[in-house]
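Structures for review follow.
Okay, so chain A shows up in both of these, paired with chain B first and chain C after.
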Partner chain A sequence: MKALAARRHDRRAPIVLLLLALLLTGGLYAVLAPTSADAAPAAASADDVKTGEKLFQANCATCHGPSAAGTESAPSLIGVGAAAVDFQVGTGRMPMQMNGPQAPAKPVQFDQEQINQLAAYVASLGAGPAIPTADQVDPAKGDSANGMALFRTNCAMCHNAVGAGGALSRGKFAPSLWDTTPTHLYEAMLTGPQSMPVFSDTNLDPTEKRDIIAFIDQQGNASPGGLDLGALGPVSEGLWAWVIGMGLLIGAAVWIGAKSS
Partner chain B sequence: MSTHDNSHELEARDGHAVLDRFEDPGHPEHHPRLGDLDPKANKKAERQVLFLFGISVLGTIGFVVAYFALPPGEDAESMRASNFALGAALAFALLGIGTGAIHWAKALMNDHEKSEERHLQASDAETREAAVQALKDGADDSGISRRGALKGAVVTAVALFPLTIALPLVGNIGEDWNVGKLKHTLWKKGTKLARDPSGRPIKASDVTIGSVFHVIPETLEDAEHPLDEKAKAVVLLVRLDPRDIKSEQGEGWSYDGIVAFSKICTHVGCPVALYEQQTHHLLCPCHQSTFDVSDGARVVFGPAKRPLPQLPITVDDEGYLIAQSDFHEPVGPSFWEREK
Partner chain C sequence: MSTTTKAPNTTSAPTPLGRAAAGTADYLDQRTGLGVAVKTFARKIFPDHWSFLLGEIALFSFVTILISGVFLTMFFVPSMAETHYSGPWDSLNGVEMSEAFSSTLRLSFEVRGGLLMRQIHHWAALIFMASIVTHMMRVFFTGAFRKPRELNWVVGFTLLILGLLAGFSGYSLPDDVLSGNGLRITDGVIKAVPIIGSYASYFVFGGEFPGQDLIPRLFTVHVLLVPALILALIGLHLLFVVLHKHTQYPGSGRKDTNVVGFPLFPIYVAKAGGYFFTVFGVIALMAATMSINPVWNYGPYDPSPVSAGAQPDWYMLFLEGSLRLMPGGAEFVTWGGYTVSLNVIIPAMIVPGILFTLLAIYPFVEAAVTGDKREHHVLDRPRNRPFRTAFGVSLLVAFFILVLAGSNDLIATHFHLSINDITWAFRVLLFVGPWLAFVITKRICLGLQRKDRELVLHGHETGRIVRFASGEYIEVHKPLDAHERWLRVQHDNIRPLEIEPAEDARGVRRKGYQLDRMRQRISQVFYEDRVEPVTPAELAASHSHGEHDAIESHAAEPAQVGGGHHLVEPEGETTADGRNSPA
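Presenting the complex of A and B:
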């Protein structure tokens, strides 16, 4: 009876595995699927600027200076615009936790209202790029085929052909774009944070930026071939083939050659 | 088929003992398997084989079910589900047969060791002499040692024939042996700098500080082989704060902080395009050669030996960026005739 139970258990294994894999895929899709674009922030009032200044003095002035004109350790924020603040603070890159080759994305320190107030304050210091509207960053309105051509020319060399990210020099890196919201993608292109160059509207116009967002939106959710192994190319695939693939083959050869006990 | 009495046979054949050979230790002692002694274990092994073939049957049924139940649709998600289900089912179907057959052979079939005698590899002396004689007879009959002209003819014919194989192989390596083409690109005096891939020309005022433009010549689409030309002519355009520019490759080759460099790495020709805005370093993704854009694309790291050639640029009357001339040296990696 025990053996029978074991058999029954084993026979279900492939189906259970399949179900689990499907559940996992579905779950991943639910987590990774893009959330609807953020609502466009309401026009900044004088109140927002004032509150924003207070937040700035408390959280940012140590490095960027009391008048946001920059210090030896941090750049001036005059003229960087609301888009830069929304990106840097909205992805948790600012306030910076420690000095290093790069300020990485981390848990966001402020709520969206506070970020908008900070952005309103910095925008009041000098003209700069504004936070894009929901319409400007809607992936559904972009042409992903054109986006792919633009991405391949302008972005893929650092961010990888499908936006999985990649290494730069001396500890810097281009992050994966799969979890970045469309608004933050747009702002990053517009403002060129950290090592990234600027792609102003005269370089990639707003329609082209939306095309690129549409292309990125289609990446990272699912790979038609199954496991994408991080989409990093020959390194992870080679590791898999040499260690796991060859390991299994060697294991099979040893099993075939071993005497039955 | 015999058991282990090989050494004895060898001795008998040669008529005397072969002293410099190892004694054949024979087979190790045979240990019966659990299934040979215990009918229950034998039954268990049989069930295991049955189970493995069962997995294969289930895998095949699963494959058929998945083929109809999970057709690949238009989106990646459904293709993934379909590929995964088909692949997993196929793996079970084939692995079941393979592992079942091997387990059957190992656990249930006779496991007594057997040895087979090898024949001596050499033929006997008589056959060998006959073969040599046949060759000699043939050579004598052909008279190759007497007929010098014929000997020369056959050697020449055989030696020349490989040309028919080698010539197309070598000839097809490149359709074109004109290396002079490597020394020139589509850039000419007055060619407008245009965006890749849209082909829209670029105004100097479009290029904000910190921007990177990936540039092709505006005349690219009119070229006879646009992709061949693009492979040589691609350019990376960067605007720096003019105060940051330490040096350039030629006097007046930049315009108001806008510098243009060939995008083809001087190491082995990868597109160098990973530009770090803060350090002004341009990194090649293939072998990490790093060029300092603010210092005439000087090599600061990696295997490249020469800086990226700079494209001299200026603006026309309408404010569009144009080339002053072609590159002043061949772009890309070194080749033999480069300096000539």
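Presenting the complex of A and C:
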């Protein structure tokens, strides 16, 4: 008993240990977590199509079928175009890891060259939307005020007023747009991945798409009012009013009440 | 500093400042009789407990709201006239909007300190409502609403409703998409009122929604009508507190006929004064670091768009949740050609109606079924009133489930759940949750009461095992001291109502029997399950049954309740029957 008592730790030790453990886990994750690949455009050639086909057979044919004509578990890719491939593979959504309500973005499995080869192969199967040029998606050339008006009428009902994301039915969701590259934003509008509708050029012309990209580009940065609390609206504000505001005030009340007696 | 005072009639030479203060005080006293009021108030005693400060949070956050609100009215333009924005916020430049929205943007980006003031105003409003609810919970669970304070409960309840109204009207003023969505829901609810709905909607909005009149009308409601009512009722609320004196928690020396505490001056003047700055400081800290209601994100109101995550402030979220939970399709057309939208009437009128009515009338129901006409100034410990505590918790659970249901889309995205499943789960929980919470809370209360009984009768376990020469082992229990014990035995022993029989000796039916019988039935629901407090006789018995007990034998019945022996001499103990006699 005595030996135990002598080795007894301070009662704050578990908290300190817990904090250290959390710090260690977080630090390790930050160091070891895979980083996403950088995008770099490249031109397609007959060679690319050939390499792309090999990549397709090795990585995609299980679900999409050996000729990319689709199977019971996955749609046909004939005519979806290079833009769809660049979006789906470039954001890590494809190859899909497992079946679920929808394919979430995850670390990208291929480098940009391989993605371009895959895109070239799929584009060779049938005409479809191409990967947009850098000029088409340049946020600096868009009009963000027009972009905001278009975003409010076309996108905000699913993606939230500033693109922070929102819920759809049965576990599906509209993701946050803040970390999506301008090219992928453009491709998503053009091809309508998963639950998203297609916004064709007759619906939103290329200039309007660029305006929307310009608006999204301004979101997710520092809010003029301080921390943006996720830009999720009044629910997160209410939560923090209770947690921080009432937490501090009740803490102060207990302190004031305890001092006298 | 140097005033021309006349007669320096004090013995020690006063400082110039002291002379000025005394002169001013004397001047005021001779003209207003201020001295008597100051003397009375300075010596007024208030009991001390941290939970008595919860109401002060509401008061001080309201002061903060008033001060910041005055600043906002200097720059806000309550008009729905159309204009085109031009200013520093890039993504709204050249966009058509109302004067109200445009002036809110100007207030946020161009007026010096404007955004801070807006955020102080809004955070203070959230804290105001949160502190009202917390304060109300304290009053409810400790039974502070009992006679003579029932009317003050109603005043407080009205303040809660006015707070909701103030929050709602203010939230809608900037004329952004989010608040406009809220107004659209309001319009829908008004239109769902049977028969008069559409007329009432035209009356409120001055034509078809959204019209041109609403913002100016809401402005008047928000800056004039509601604040004036709140201010007046706060005055009444505090007047009642002074009139009734403050309640106190039970403890030795605290009775319904006294108040144990500290004088207002200097203790509470210092504490409350300091606490005001704490409340203001916390709100200002939040406003300076955390963005709230960034209207520039939502854009000017336009009836067509609704963005994901469109929700009201937290205190209206239960209404949103109620609407989200209601399955559609519950509407029909009556023979007169009127549409009855039960899918709106039930969630937006009946559900909140039930919740708020229960809250408002509870003190009167409890008094009636308890048969309690006595004044109460000592608070209840929540465990000693299991029905009340359980009822309060189940109301809160119902409210909380509705709040969660109002946030179902955010729960779905943040916890990767299906929104359909969440909605169904909440539909079931809305009925099951409060009932479950009631049963569990009541059981916990009764359990705590039994623990109290056990402690009073047998004392604290000391962990000391003693072996006698005979070989017998006993554990030594340390009796409670008089203060500990009083806390656990002081409460009323409430039993279900007993009523006179239905017929008198001659078999004539008694008038009012049916009403009495109903009261008795409800009273049985309230008080049938109970743990009675330890009586003096039981206490005496528990002290005298051990063979090694040194206490002289009382003439009490030897009803032995459980085991346990005392070896430690109870120190400074009160006699068993004189429960409150100070040692």
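In this text, the second predicted complex is superposed on the first by the 216 of 261 C-alpha atoms of A that agree within 3 Å, B and C clash if a C-alpha of one lies under 4 Å from a C-alpha of the other, contacts with A are read in each partner's own complex, and residues count from 1 in each chain.
Quick note on the criterion: a contact is a pair of C-beta atoms (placed from the backbone, for glycine too) under 8 Å apart; a residue touches a chain by one contact, two chains touch by 3 or more.
As the structure is a prediction and not an experimental result, all values here were calculated from the model.
*Asks:* More residues of chain A are touched by which chain, chain B or chain C?
*Replies:* C
*Asks:* Scan A:Pro14 for contacts with chain B and chain C and give back first, second, both or neither.
*Replies:* first
*Asks:* When the two structures are overlaid on chain A, which partner does A:Gly238 contact: first (chain B), second (chain C), both, or neither?
*Replies:* second
*Asks:* Thinking of the overlay built on chain A, is A:Phe199 touched by chain B (first), by chain C (second), by both, or by neither?
*Replies:* Only chain B is touched by A:Phe199; chain C is not.
*Asks:* Just checking: does A:Ala161 make contact with chain B only, chain C only, both, or neither of them? Give me first, second, both or neither.
*Replies:* second
*Asks:* Can A:Pro107 be said to touch chain B (first), chain C (second), both, or neither?
*Replies:* So A:Pro107 meets neither chain B nor chain C here.
*Asks:* For chain A, give the residues common to its interface with chain B and its interface with chain C.
*Replies:* In chain A, positions 149, 153, 157-158, 166, 168-169, 174, 218, 223-226, 255-256, 260-261 sit in both the chain B and chain C interfaces.
*Asks:* Give the list of chain C residues in touch with chain A in this complex.
*Replies:* 48-54, 57, 90-95, 108-109, 115, 119, 122-123, 126-127, 130-131, 134, 177-178, 262, 267, 271, 274-275, 278-279, 282-283, 286-294, 296-299, 302, 304-315, 317, 406-410, 412-413, 416-421
*Asks:* Can you list the residues on chain B that touch chain A in the complex?
*Replies:* Chain B reaches chain A through residues 33-35, 44-45, 47, 51, 54-55, 58-59, 62, 72, 75-77, 79-81, 83-85, 87-89, 92, 102, 106-107, 111, 195-198, 203, 205-214, 238, 271, 273-279, 281, 283, 285, 288, 290, 301.
*Asks:* List the residues on chain A that touch chain B in their complex, please.
*Replies:* 3, 7, 10-11, 14-15, 17-18, 21-22, 25, 29, 149-150, 153-154, 157-158, 166, 168-169, 172, 174, 192, 194-200, 202-203, 208, 218, 221-226, 255-256, 259-261
*Asks:* Which residues of chain A touch chain C once you look at their complex with the stated criterion?
*Replies:* Per the stated touch rule, the residues are 101, 144-145, 147-149, 152-153, 156-162, 164-171, 173-174, 215, 218-219, 223-229, 231-242, 244-246, 248-250, 252-258, 260-261.
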